[in-house]
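Chains: A, B, C and D, in written order; residue numbering restarts at 1 for each.
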């Protein structure tokens, strides 16, 4: 713990220094000079590491939890989080992001609560569950993104005879680090058992470029649109690649289409602390290697490919999840095409003026 | 011209006063006290007046112009403006808004130009014309709103064997008053003769809540979405009235649904200086009487009703246009239902902190 | 009134055309093609013209008004406006700006009122008057800029035995054109006769970079600081020219220092519709020729120089006022140095996305 | 680690559950239901604890460091951080804030570097040091707040024959948690040895309500004003208490004046991630008990009083520092008056939509 800048000090000086550091510790003080490299690195040096979680591992474990662990008040949700090995003792995918597989058995209900933490569900397969958000029943189907903005009461119930699993994304680690969380239990009874195909928020807000003037004013930083349907996402991605093929702009790089899920009342990110996007790579596409200040979690929705995160390489397929620590280079290659959902803490970095990106194009 | 606050002045004083006013005039000066009532009224006292223009009058006149007046470079457009009788010598519908019927004969072309003035087209009937906006061909069909944001090159061409007429809305009076206008001619040749059903801007931007990350960055204050299709507008209005019938919020007042056409890249008004909205009144609906600081022009799209603007009453039907001067009370009543398009200078009033509204509900 | 694009029409066609135009007029319609050049010019073609008003003319006329015209309820203010000859029948300096000399005799009072129109006073000479803004007495002294944001009650009273004159700036023409004005009379009695050297708003807000956390929240678009003292303005301009002399940035161009009066609660313009600035030219300085979309009024505060506005040239000195129509080139030259106050409609142009500037540097 | 919601399970079930949890761990997964209480508490449950650091302890330790530890490249700064006992292994005052005493001996220099982390210095006593920020020398004197916004090169040098100590505040913990930090070394030689009383940034920006139009555009989120002088801070606080005594608004509560240090180019917080304020309590004042979501560090600048943070009570005097964890109640009482500097992560909470405050007034 002695400073490396004192190569030749006498024994007496060393004793004095040891005493000083002991006195610092006793006074609840810590010198900057012994730790500046770790605290203020030249580029981000995350504790979190690149990591892959396979859907083929996650789903069976969730199914076993479904048999053994009830859902209900107290535990609240049957969700099993992705725990980054670089953040031991936590259940965090990255320092800011929580990602979990949630599993609801036939006819099961997860009771109502609300919290400051912002949440979404993304459905890689299955259907039959409705999420009631402030009493508005929202169907969950493959490819859909469903939001639960902060402090909105929400509950889930499986209306079918088969189980359903999906991924939850939350900003739990960020809110925990900031000590910003508040939580409330809701009623034990479901707000509604209605199962409409289209939720009320969609009926008001899911019309392109059209703002419903008489709709209740959206809460600050909360999207009033809480369901983004695969049908629209797919159409938007398809159009981008078609425009590229016709020679028009629209893709972010050759063969790579991206839509961002946004709040129709502000045009900003759909959630205050998390960005959600769907990416589509055309067949035989290799992305540039991109570094972003901030972390992300991806889930393959369809297709397959090879992912490089920092110095790790993964072959990935449907349902597989991987995380990208801050400033780790990310490159994705696909032979047969790939659709992937991405969520990240970009809105936090942008709100705080910390965003930074570096892009390195690779010859094909 | 003498001040009313000088009830008893001598003849000599009057002479001095007359001389003073003459000297003011010679020095290019004007006293406030003789004109403050007109300049700074207790509430707005517009020169413009309520006015109705019937489609049954406008269209035949436009057709006659189609026979007599060519379209081409110089005159640029075969558009005939609604001229408010309270603003003599101008062709203004209100002090800020220009509204015109534009008519394009079979196979005719209106050449490219661009200007600071912001413009839109709204189609009450017909089809067959494409507007090329910066080279992107945009189909025009009944119920569609098509934008031409400021300084975007645009040209129209009729691809059919029948004529087509629609209304143009522009902020010409505002820009003229402010002396803010710049204008440029474009190429004489059409940018494209393609006639796709869906324009490129729609393919990128007309997906609800989905932002195309790789699309060219929209210009400041210009919607990247330039076509709002009737199919979506109609669906959104229908949903609002259905939600009302189910007991849920969504309408602005009983029986009255409204959607605002907005810029998907900002969630603000679709044009920088004009607000565009579509209103739908359910059968047997009477709106509240509303006064707004700022002026508006309405066109009935479908159905019929009775309109009160200030002390004027009009029976209106499909295609009829009327203007609402600043602070004039507006009330609409319909027996059989009514759809109407409205555009206004609300964004100007909001941008300058001048917006004010007063609402008076009337017993049915 | 026939279209110039119809060089060879038959007599019959001409008759039909004449009839058509007559029918247009009867239907309150006006064709675009006969007037597009005036409505949509290539560059702004203002009706208003460059104009100079000499202080040596204005002040004696104001003094004569002081003898003949009382101040009081009804006329409200003894203010005489600068009337642009290009805008006959109005009392407007430009299409958006009102500028007037206001004159208050010894011990006179101008009664309280408030209005949507935004106002300021700038004092080229004299003292002794206090403006009470919402009951807060604000001293007026040479070089000071005093604000009266929209809908703030204000009244003036001369506490001295000598008259005082100053200039008023308002957005009366803009608000009149938009039909946006509301006006209210206040109490006939003065809110206060206190004459503090420093107003309460200054005591809270005139500390650089310091926001008073407990102060009442400023009204939207209204500066909570309503007095900008010459002492600060002068120091800021002096510093800019000293920094320039030391080789550091700070001036807008060689020898030309500018400070903008801003709202300390937003950092935006001090008034919602008018920009206020003080300019200082070092000795032997010639500015670039600048064209701005939008209009301005200038008053020389100290020193002398030569001003070119469009094709007009004026020798100007202390107190002289001149207006600059939209897009007219402005250049100022001074041998002995010049301080000048400028106000403009730039905030309107910026709020509406209409701002444009062109700069042409001239060899010295 | 078994769920508390499974009171009566068989031994077999328990075995299966244990196996499941082991398999979770092996798969880098962690269940929500066993940890939700810690992750999503009903109100914030910070790990950090209330803590007091006495100036009389800090300063002698810093002096000893001055004798034993050189300042220079590598260690960079002789700064000793306040280490919250609730955050063992870190040198963080709170989860987001770093606070340290920095000590510079006579004629010593701390070399140039820059980093994403935002920093300030606050001077409780002494003088003689200049901080060069991007080459602009900024004097440091008692009561002054000096900024070093992110990625601004800065270096310190003591021009006097006596040592000087002050406190540094940085967002090091936040940036470390987010993995957002970048760091660069600057030249080894001082940028300048000039010792002006007033820095160039002050000469341009420290004029109330006056924006220097020709000054270089401030960097995004960085205050262009980097020195807030005690003379102004003191005057602003004095004025607030005088206004209170005269019966006018201005204080945040009886006897409690507050100024916030703000960016004159945006009117927002002076730093992107930290709020800085000076508080003054009149004699015999007791504040309300306030809870804030987010953490803060305070330093007593002058006077004395009693502080309650959560369930801790401290008698505090000049130079003493204490931290306030998120949602801990804070109350300050003083008999003889107290000035205190506060910095907090409020801007982070506001930028992310997480701000929350609760206020409980206590009878005196």
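The working rule: a residue touches a chain if its C-beta (ideal position, glycine included) is under 8 Å from a C-beta of that chain, and two chains touch if they have at least 3 such contacts.
Note that the structure is a prediction, hence the values are computed from the model and not measured.
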Original post:
Which chains contact both subunit A and subunit D?
Top reply: none
Original post:
CA centre of subunit B versus CA centre of subunit D: separation in Å?
Top reply: 52
Original post:
Where the centres are mean C-alpha positions, what is the separation of subunit C from subunit D, in Å?
Top reply: 43
Subject >> Inter-chain centre distance, subunit B versus subunit C - centres from mean C-alpha coordinates, in Å >> reply: 30
Original post:
Where in subunit D do residues touch two or more other chains at once?
Top reply: none
**OP:** Considering only which chains touch which, label the overall pattern as line, ring, star, complete or other.
**Re:** ring
Original post:
Any idea which subunit B residues touch subunit C in the complex?
Top reply: 3-6, 13, 16-17, 20, 23-24, 27-36, 39-46, 48, 51, 53, 57-58, 61, 64-65, 68-70, 72-85, 90-91, 95-96, 100, 115-117, 150, 172, 174-184, 220-221, 272-273, 293-295, 325-327, 345, 348-349, 351-354, 356
Subject >> subunit A residues within the subunit B interface of the complex >> reply: 200, 203-216, 223, 225, 228, 232-233, 235-236, 239-240, 242-243, 248-253, 256-267, 270, 277
